[in-house]
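Would you mind keeping the following structure in view while I ask a few things?
Order of writing sets the chain letters: A, B, C, D, E and F. Residues in each chain are counted from 1.
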Amino acid sequence: MRLSARNQIKGTVLEVKTGATTSHVRVDIGGTVMTSSITNEAVDDLGIKVGGKVIVVVKASDVMIAVD
Amino acid sequence: MRLSARNQIKGTVLEVKTGATTSHVRVDIGGTVMTSSITNEAVDDLGIKVGGKVIVVVKASDVMIAVD
Amino acid sequence: MRLSARNQIKGTVLEVKTGATTSHVRVDIGGTVMTSSITNEAVDDLGIKVGGKVIVVVKASDVMIAVD
Amino acid sequence: MRLSARNQIKGTVLEVKTGATTSHVRVDIGGTVMTSSITNEAVDDLGIKVGGKVIVVVKASDVMIAVD
Amino acid sequence: MRLSARNQIKGTVLEVKTGATTSHVRVDIGGTVMTSSITNEAVDDLGIKVGGKVIVVVKASDVMIAVD
Amino acid sequence: MRLSARNQIKGTVLEVKTGATTSHVRVDIGGTVMTSSITNEAVDDLGIKVGGKVIVVVKASDVMIAVD
């Protein structure tokens, strides 16, 4: 499956923190860590676990820019 | 200003493509390129231009995970 | 590629309307039409065209509920 | 109230799973199931319950397209 | 129609700037101005024009918090 | 830090409701209350508490418009 989302970055799962309905997954994308908030169901369905190889995906319209 | 968004990644602007109301900004975050879709007004207001140092910002709830 | 996004619905492209930087794609998902706003680059990259078979993808945290 | 969101699809609630602050609502939109992640407060306020008639609402800029 | 989105704020349209596919609508919500980026189609469909009374709607999961 | 997000509104925290992974923060922006859903980690990191002065931040592409 190829996806319209412009941002697709390979990484390795560092942490999976599971809440009542929502999990937070932290992914190392090469020195930088990205945090994702997804459903527990998605974590189970994709078998996301610490050390697993994943792709972080973000739609361009959800990316902001800041300057110092 | 400190922001609740969990993903804040330093980078350098590679390209600014300006449309009628919406611009696409491509940022090198260390080998990986991220694409942001923001208003032309924001580009002007922040003085975003090629070669500029910026911070890419994404809210955790906008980050998805994929597996091969 | 399998994706954490909980909503993945098969459909057929009805219309592609291209702007300066952003395209609107209308997809028939079985009688119902969904509208997507994505980058022109994604339209080109995925070869999205009228009559093409696609999958509409939405993250659960972007879905609202209304009642009459 | 009429809303700018381009995607408004009628359906029937299949499941409401309530977490500590966030609920997941699954809605049958005619054979296809959509999953929504909303606040518990919204579930209570709108009286969302299994079997209830609802409208699934998604902004066009939150809809991605994938191809196989 | 009642909506799960927790943020619904009454205001008056100050400006509508129309692009090729996307419009920017600026709304005065009582001294503060909010900017919305929506499809041209939505602007036409809802008859949004300067001086019109509208409601600004934002899902809670799209609201960030910053501190100085 | 200056941010591309077009909506940045000053307010005072009225309530912080903490879940297992996600918190809901209610902010008074001058008579109107806005609700934000963010990670518990962000609440801790920014020291968000009742009575604190904050800025509510929303990207323009996440703002919808409704009419009665």
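Observations
Here is the rule we go by: a contact is a pair of C-beta atoms (placed from the backbone, for glycine too) under 8 Å apart; a residue touches a chain by one contact, two chains touch by 3 or more.
The structure displayed is predicted, hence computed values, not measured ones.
Here the chain-to-chain distance from subunit A to subunit E, counted in touching steps, is 2. Comparing B-C with the candidates A-C, D-E or D-F, the pair whose contacts agree for more than half of the residue-numbered pairs is D-F. Rounded to a multiple of 5, the C-alpha superposition of subunit B onto subunit E involves a rotation of 120 degrees. For subunit D, the chain with the farthest CA centroid is B.
With centres defined as mean CA coordinates, subunit D is found 17 Å away from subunit C.
Distance from the subunit B centre to the subunit F centre is 21 Å, each centre being the mean of its Cα atoms.
One simple way to say how far apart two chains are is to compare their mean CA positions; for subunit A and subunit F this gives 22 Å.
Between subunit B and subunit D the centroid-to-centroid distance comes to 29 Å (mean Cα coordinates, whole Å).
For subunit E, residues that reach two or more other chains under the stated contact definition are 1-6, 19-20, 22, 24, 35-39, 41-42, 46, 48, 55, 57, 59-62, 64-68.
Counting only pairs that meet the touch rule, the chains in contact are A-B, A-C, A-D, A-F, B-C, B-E, B-F, C-D, C-E, D-E, D-F, E-F. Residue ranges on subunit E touching subunit C, taken from their complex, read 1-5, 19-22, 39, 41, 59, 61.
Within the complex formed with subunit D, the residues of subunit F that make contact are 17-20, 22-24, 35, 37, 61-62, 64-68.
Touching subunit C in their complex are the following residues of subunit D: 3, 5-9, 24-25, 27, 29-32, 34-38, 42, 46-48, 52-68. Those residues of subunit C whose C-beta lies close enough to touch subunit A in the complex are 1-6, 36-39, 41-43, 45-46, 48, 55, 57, 59-61.
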